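Across the two complexes that follow, chain A remains constant while its partner is chain B and subsequently chain C.
Coming up: the complex of A and B.
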């Protein structure tokens, strides 16, 4: 029987039969449907994915005219940064790298971001960041975000002043862990609002919250509160990108607009992000490294399709390393990245990536 | 998009499904999403109407290269006398009838004169 050369979720090559790929596509969408309580992909949509994953060509693309808008997280760290940012270490300034992304990489938007890429360390060096933003705004044409991560973990000891829930919870100190997260969330919200308002003052087009809720539901609340204030008081276009498909209940009781945040999936997350006043939502679906890319892409687009249908604001799905069906490896194969890209547009009905 | 090396991530997505940035009308469609919360079909229709072209042509590199030069809203290749940076954005703000924060700031700085 003919074998198809494809990839696992960890990026390694694997040969599978057409029937095996068909079965994985079905299993992937059923897993998402079961977890998210959302509809699985139709037979026609699964057939489309099968064609995509059995096509022998190395890369694929959408039908001309169906292209979508690209926004990016992590800024241009991938060009001048180090391994931790997927950086290739090109000796080039941040401002120059942004020009490269605009003029050589065909990006629709770009962002200024600090190499540390969290809001907390940006606060003491805000003047440096404002200067970079002002400089870039003078010389570029594409819309320009300032981006960073809420990263609530930086507010917990030993990095911050508040108790660490990862220490308190194993000791059974549930109330103390919850109080610590609430205090940290308030401090985080204040920092994000401070940075956002300063960026608005110099004319930034947008503000990107990347990997939101990485530390769980309290971090999601901190971000939603910051979004609400910035949407109310500035002209910033706000993008909220998530850290994972499922909001972890590290606190378990925090709510926004009467909705408990722990346990929300993308199609539920987007409604709260809309309510807070954001302009673009970036859903995340995590990659399972032990399953095939066909399984992962099928699963990811099932979640994202439900999110796109529920949304009233543009949806830009995250399709970086280890999310959106893209393999979890340092050099993601272009064959699988382009397949995830096309599936998100054609079946996930995203407005952007 | 997300994390990844420049070739594996932004370049791959740009080739597979990206609008094309200033090679085409990618930045213009993006502006309508950013500033007006427009979903993709609405954003494309809005920009296409302003440019007097069809939505498919928004991502046509040849059509948009010529049109961007004609409208003087910034072109990809470095060309003397073409609008650059803020100059191009000021023209885009007028063309699309959108408020671009850096252009608003420029107008405040140069004053009414």
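Coming up: the complex of A and C.
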């Protein structure tokens, strides 16, 4: 029986039969439908994915006219970062890397972001970051965002002043763990608003909250509150990208607009992001390294399709290392990145990536 | 209030994670003449089982799990002296030796599994984190535990689980103890490959697996 060269979720090369790929596509969409309580892909959509994954060409693309807008989070790192950070170590500054992305790679938008990439450590070096933003704004044309992660964990001991829920929860100190997260969330919101307003003052076009809710539901709340304030007081284009497909309930009880944040999936997350006033939503669907890329892409586009259908703002799906169906490895194969991207556009109906 | 309604309230209070309410309802149930063992088996245990079900459905989260376990433990504290005094044995299903393997310092999941097991009537010897192979083996020998729980969060430390199982075999203890594995990189395939008796993806399931292996309903 003919075997198709493809990849597993950890990037490992593997040969599968067409029937095996077909079965994985079905299983992937059913898994997403079961977890998210959303519709699975139709037979026609699954057939499309089967064609995509059995096509022999290495790289695939959308048909002309279906191209989508690209936003990014920290992609300059791919140029100047070390290999262990998924970069290729080109000896250029981040400002130069941004210009290369604009002029050589034809990116639609870019962002300035500190290598540390969290809002808290940006605060004490805000003058340097403003200078970097101004410098880039003066030498580029495309819309320029400032991006970083809310990263609530940096506010907990030993990195910050508040109690650490990861210590308190196993000790059974639930009330203390919840209070610590609430206090940390308030501090985090203040920091994000501070950085956002300063960036708006120097003329940044947008602000990207990346890897949101990595520390759970309290971090999501902190972000939504910051989005609300920045949307109300600035002209920034605001993008909210998630950390995972599912909001972890490290607090379990925090709500926004009357909705409990723990346990939300992308099609539910986007409604709150819209409500807060953001302009672009970046859903994340995690890759399972032990499953094939076909399984992962089928699962990811099922979640993202439901999200796009629910959204009234543009949806820019995260399609990168370990998310959006892309294998979890330092340099994901272009064959799988392009297949995941095409599936997101054609079936996931995203507005951007 | 009839006794069935009282037991239902205890179950609901455990499910809602209300330790002080569980305490007062347990005392009320005793005053109403309910046998301590009935309160444990039809009230507290059923309550914590419902917590596990909600956790697996994704509607409960870590704090809910811990709060449920705390509620059950408080109820058990009220009943323990009475059970002992009446000559009845506390329903300790089995003794569990538990720890995170050598080279791995992660404790959160392991601690929550310990709390859930205790709340479900298991006696737990928690050896902590970064536990050398020989310490696990020695503790199993010393306590004659029926279960050994091995936690590993890193792909670089999961092989320690296999090393412990081999050391148990070498020490002639393997057939006397059931080995349960847990941790983010662990799945049933791995558990089968290294010859473990069970695997659980979370604390609620760990209790279920331990109960199944112990032959408890």
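Methods note: the second predicted complex is superposed on the first by the 349 of 353 C-alpha atoms of A that agree within 3 Å, B and C clash if a C-alpha of one lies under 4 Å from a C-alpha of the other, contacts with A are read in each partner's own complex, and residues count from 1 in each chain.
In this text, a contact is a pair of C-beta atoms (placed from the backbone, for glycine too) under 8 Å apart; a residue touches a chain by one contact, two chains touch by 3 or more.
Everything numeric here is computed off the predicted structure, so don't read it as measured data.
So if we stack both complexes on chain A, do chain B and chain C clash, or do they fit?
Pair status: fit.
Check whether A:235 is in contact with chain B, with chain C, with both or with neither, and answer first, second, both or neither.
First partner only, chain B.
Is A:290 contacted by the first partner chain B, the second partner chain C, both or neither?
Only chain C; A:290 stays clear of chain B.
Given the touch rule stated above, what does A:248 touch, chain B (first), chain C (second), both, or neither?
second
If we overlay the two complexes on their shared chain A, which of chain B and chain C does A:101 touch? Say first, second, both or neither.
In the superposition, A:101 contacts chain B only.
Look at A:64 in the shared chain and tell me whether it touches chain B only, chain C only, both, or neither; answer first, second, both or neither.
first
Thinking of the overlay built on chain A, is A:169 touched by chain B (first), by chain C (second), by both, or by neither?
Touch status of A:169: second partner only.
In this superposed model, does chain C or chain B come into contact with more residues of chain A?
B
Taking the superposition on A as described, I'd like to know which of chain B and chain C A:334 touches: first, second, both or neither.
first
Can you give the closest approach of chain B to chain C, taken over C-alpha atoms and in whole Å, for the superposition?
Superposed model gives a least chain B-chain C C-alpha distance of 21 Å.
Starting from the residues of chain A touching chain B, keep only those that also touch chain C in the other complex, and list them.
Common interface on chain A, chain B vs chain C: nothing in common.
Which stretch or stretches of chain B touch chain A in the complex?
Within the complex, chain B touches chain A at residues 1-23, 26-27, 29-31, 33-35, 37-40, 43, 55-56, 59-60, 73-74, 76, 84-86, 88-89, 92, 99-105.
Could you please specify the touching residues of chain A with respect to chain C in the complex?
35, 166, 169-172, 174, 177-178, 246, 248-253, 262-263, 290
In the complex, go through chain A and note every residue touching chain B.
Against chain B, chain A makes touches at 59-62, 64-74, 78-79, 85-88, 101-103, 105-109, 137-144, 200, 202-206, 235-237, 279-280, 312-314, 318-324, 326, 330-334, 337-338, 341-342, 344-345, 350-353.
If you look only at chain C, which of its residues touch chain A in the complex?
For this pair, the touching residues of chain C are 17, 58-64, 66-67, 69-70, 107-108, 111-112, 115, 187.
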